[in-house]
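Multiple structures are listed underneath, in structure tokens.
Below, chain A partners chain B and then partners chain C, in two separate complexes.
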Partner chain A sequence: MSGEITRNPKLAWREVDGAMVIISPEDSQVHELNETASLFWKHAEGKTLDELVERISAEYEVARETARADLEELLAALGEKQLMFVAPEGKG
Partner chain B sequence: MPNTPVMDGLIRRTVQRHLPWSVHVDLTYRCNERCIHCYLDHEDHGEMKTQEIKNVLEQLAQTGTLFLTFSGGEIFLRADLFELLEFARSLHFDISLKTNALLIDSERARKLRDLRVRKIQISIYSAEPEVHDAITKVRGSLERTLAAIRFLQAEGLQVKIACPLMKQNLTAYRNVQALAAELGVPYVLDMTITPKMDGDMSLLQLRSSTTELLPILQDASLNPRACSPNSLEAETISTGGATGSATSSGIESQAYEDIPCSAGHNSCYISPYGDVFPCVQMPVATGNLRKQTFEDIWFRSEEMNRVRAVRESQLPLCSKCSIRQYCERCPGLAQMEGGDLLGAYERACELAELNARIAGVANPVSAMHAEKSNSKNTCSIPVPTVVPEVRMGSN
Partner chain C sequence: MHLEKTDGVVHPVETLDGCVPLHISIGSVPLSLFIREPALREPASRRYREFADHSQNGFPIVLRKTAKQVWESGEFSYLLDDAGLVLRSQGAEFHGVRHEYALDSLLRILLTMVLLPQRGFLLHGATVVRDGRAYIFFGRSGAGKSTVASLSPKGSVLTDEISLIRYSDGCWQAHGTPFWGEFRAAGQNRLVPVAGFYLLKQATEERVEILSVKQALRALLPCVLFFAGEKSAHETLLRTLLGLTQEIPCHRLYFRRNAEFWRVIAA
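Up next, the complex of A and B:
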């Protein structure tokens, strides 16, 4: 997973009182992200997972493996709801 | 009403923090129909230019607006509509449109899909062309509007039919209901006919009487529709079943609790001339975006704060009303029709009594009617020793 992380461009979103609120135009589904996921939404756009792992492990002094596992889990959860995904390499 | 926990929580927080998360912008008052019940002056008195609207949209995004509704007038008469939509999407707004759809062809429908417009509300007054066209005063308008709906549906866009009901189309709700079912789209019946924006009350004669509305309010087929959890549609469609106000700029929910509605709390209305109001149905001028910033008006306007301070439990007369739970009092209409933002007005009281009667309340009388009756009876007795008891249903 070394492609760039991308928000689903179909979505509408706004930070509401510290939390990211996201709406899908196709089914009017409303999602509210928790604090961690909101931070991820704001800062992950256009970055690769490797870049985020480096940054998180440096800023929060956690092992790279731990940071990677946490970020992969978060990305998988957002991907399952079709909110964010990793763009195929070369199309980033 | 099937409120969702996510939406209710968001509504409470946006109200508490005064975040304007839903804003209705009329891009123009010009129109290519001449609907007999329309409250607007269709002359252009100096609409905001493209760059002015873009500037407003930037301010709204910065202040926290998520839900953006473009309406009019007829929005497709703005040559810059798609430029504005594209700009709004670049700011990540959720976009809904209100239109008569006369100018939507397959190419425009495709563009709307590409811009991820979430919902398009279209007015239809009857499934019978002669009835619909007599209200819009444009021959062939129903046919063109229906063709547009099919273009939009072919692109997978969500369409909602709004059917304002008045004397001229009162019995049409059945065929509009059937039309919506045939098209597979939701619909809302809107019984609100408002005075003109300049205060002219002549349009109110188009309203059906409460007696005429009785069969509609009793119609079991107008029950709330089932909605999926956390779907925004649960908030916009289900209030009061398939009936409601198509002009409300806010997202309705029980989460508003003791405040009358979303107006001024988490929603507002902006006219084509940059005037900001708490709601399209509330003519309380709070400022103009050509002279002030949105933030200045939204957070610091005295009038906006006056509207914001209203609590249902403190309304002088309505808070004492025994049938309050059956009432859908609109503070804007209270201002327009009764001249008092905090007051009662005839239409709401009549409808509350009708709703209460349908719910099985024996001889329901609103507080305003009870007070009038008391006052009348008191005057008719020269030296009353006891306040006459109100005889329910005697007036």
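Up next, the complex of A and C:
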């Protein structure tokens, strides 16, 4: 999983009190992200999972394996709701 | 008046020869309805009589009898059973409208689109005026909007079903609408500054809880009438609602089916 992480380009979103409120125009579904997921939404765009693992393990002094597991879990949850996904490699 | 456009192209609408339009204004949006069929024009005149307008230069809406067969790449189109709406920068066409219910529904859809770039929207809510300020009681079907309206003094209700809110003259204002529950013809064409929003929750006691901006957005969004599918339209709506919720308090109102709720609102 080394492609770039990207937001679903169809979504409309605003930051409200530090949290992301996201609307899916296709089904008018409203999503509200928690603090951690909101940070991920803001900062993960255009980065690879490897880059984020490096950054988080350095900044927060956590083991790479732990950081990777947490990020994968978060990305899977966001992916399940079709909010974010990993773009195929080479297609920025 | 014309809609904001992205491509700068002007799309006029051809009006009907010899047809005198019915001029109305809803939410300070002047509209000129070109209706040739007396079977539709007369009930429409009655239904919207409180909203008659003398500006003579409203956004043209042309009713065409036949259902549209070929849909061009208009700015916005919407199909409602057999009837349809095509919205262009300089007017709209309603196709296949056979009764005033369809006309009323298409008018609501049209207004959501016209109001959107003007920081305005329609909300499933009753608007009640008290001491010169508007209280919006909102919620989905069955939440108690018409109950609240029926418990309010005669003449104080601007609508019991669909509220129209827009930002104008430096503040958020609620406008009377002709859109009432059970398709009653009613309404007053006036505007009143908004005091607050109240998400209705029927309960065994009267209680009011203030909502955070985030909670307010979550409460309001599902109750906004919205028909556009484009991301940019949703972004505009989010921006409008965010601006609103940052200025106007939004609450959850627990209430019984009596007028005691005003006690907790006034507190």
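Basically, the second predicted complex is superposed on the first by the 92 of 92 C-alpha atoms of A that agree within 3 Å, B and C clash if a C-alpha of one lies under 4 Å from a C-alpha of the other, contacts with A are read in each partner's own complex, and residues count from 1 in each chain.
The criterion applied here is as follows: contacts are C-beta pairs under 8 Å (C-beta built on N, C-alpha and C of every residue); 3 or more make two chains touch, one makes a residue touch a chain.
This is a predicted model, so every value here is computed, not measured.
Under the clash rule set out above, the superposition-derived model of chain A with chain B and chain C contains a clash between the two partners.
After overlaying the two complexes on the shared chain, residue contacts for A:Ser28 are found with chain B and with chain C alike. Touching of chain A by both chain B and chain C, each in its own complex, is seen for residues 9-14, 16-17, 21, 23, 25-26, 28, 30, 32.
Taken in their complex, chain B has these residues touching chain A: 4, 6-7, 9-10, 13-14, 17, 19, 21, 61, 64-66, 92-95, 116-119, 156, 158, 228, 230-233.
Interface residues of chain C, counted against chain A in their complex, comprise 212-214, 217-218, 221-222, 226, 228-235, 237-239, 242.
Interface residues of chain A, counted against chain B in their complex, comprise 9-17, 21, 23, 25-32. Residues of chain A that touch chain C in their complex: 9-14, 16-17, 19, 21, 23, 25-26, 28, 30, 32.
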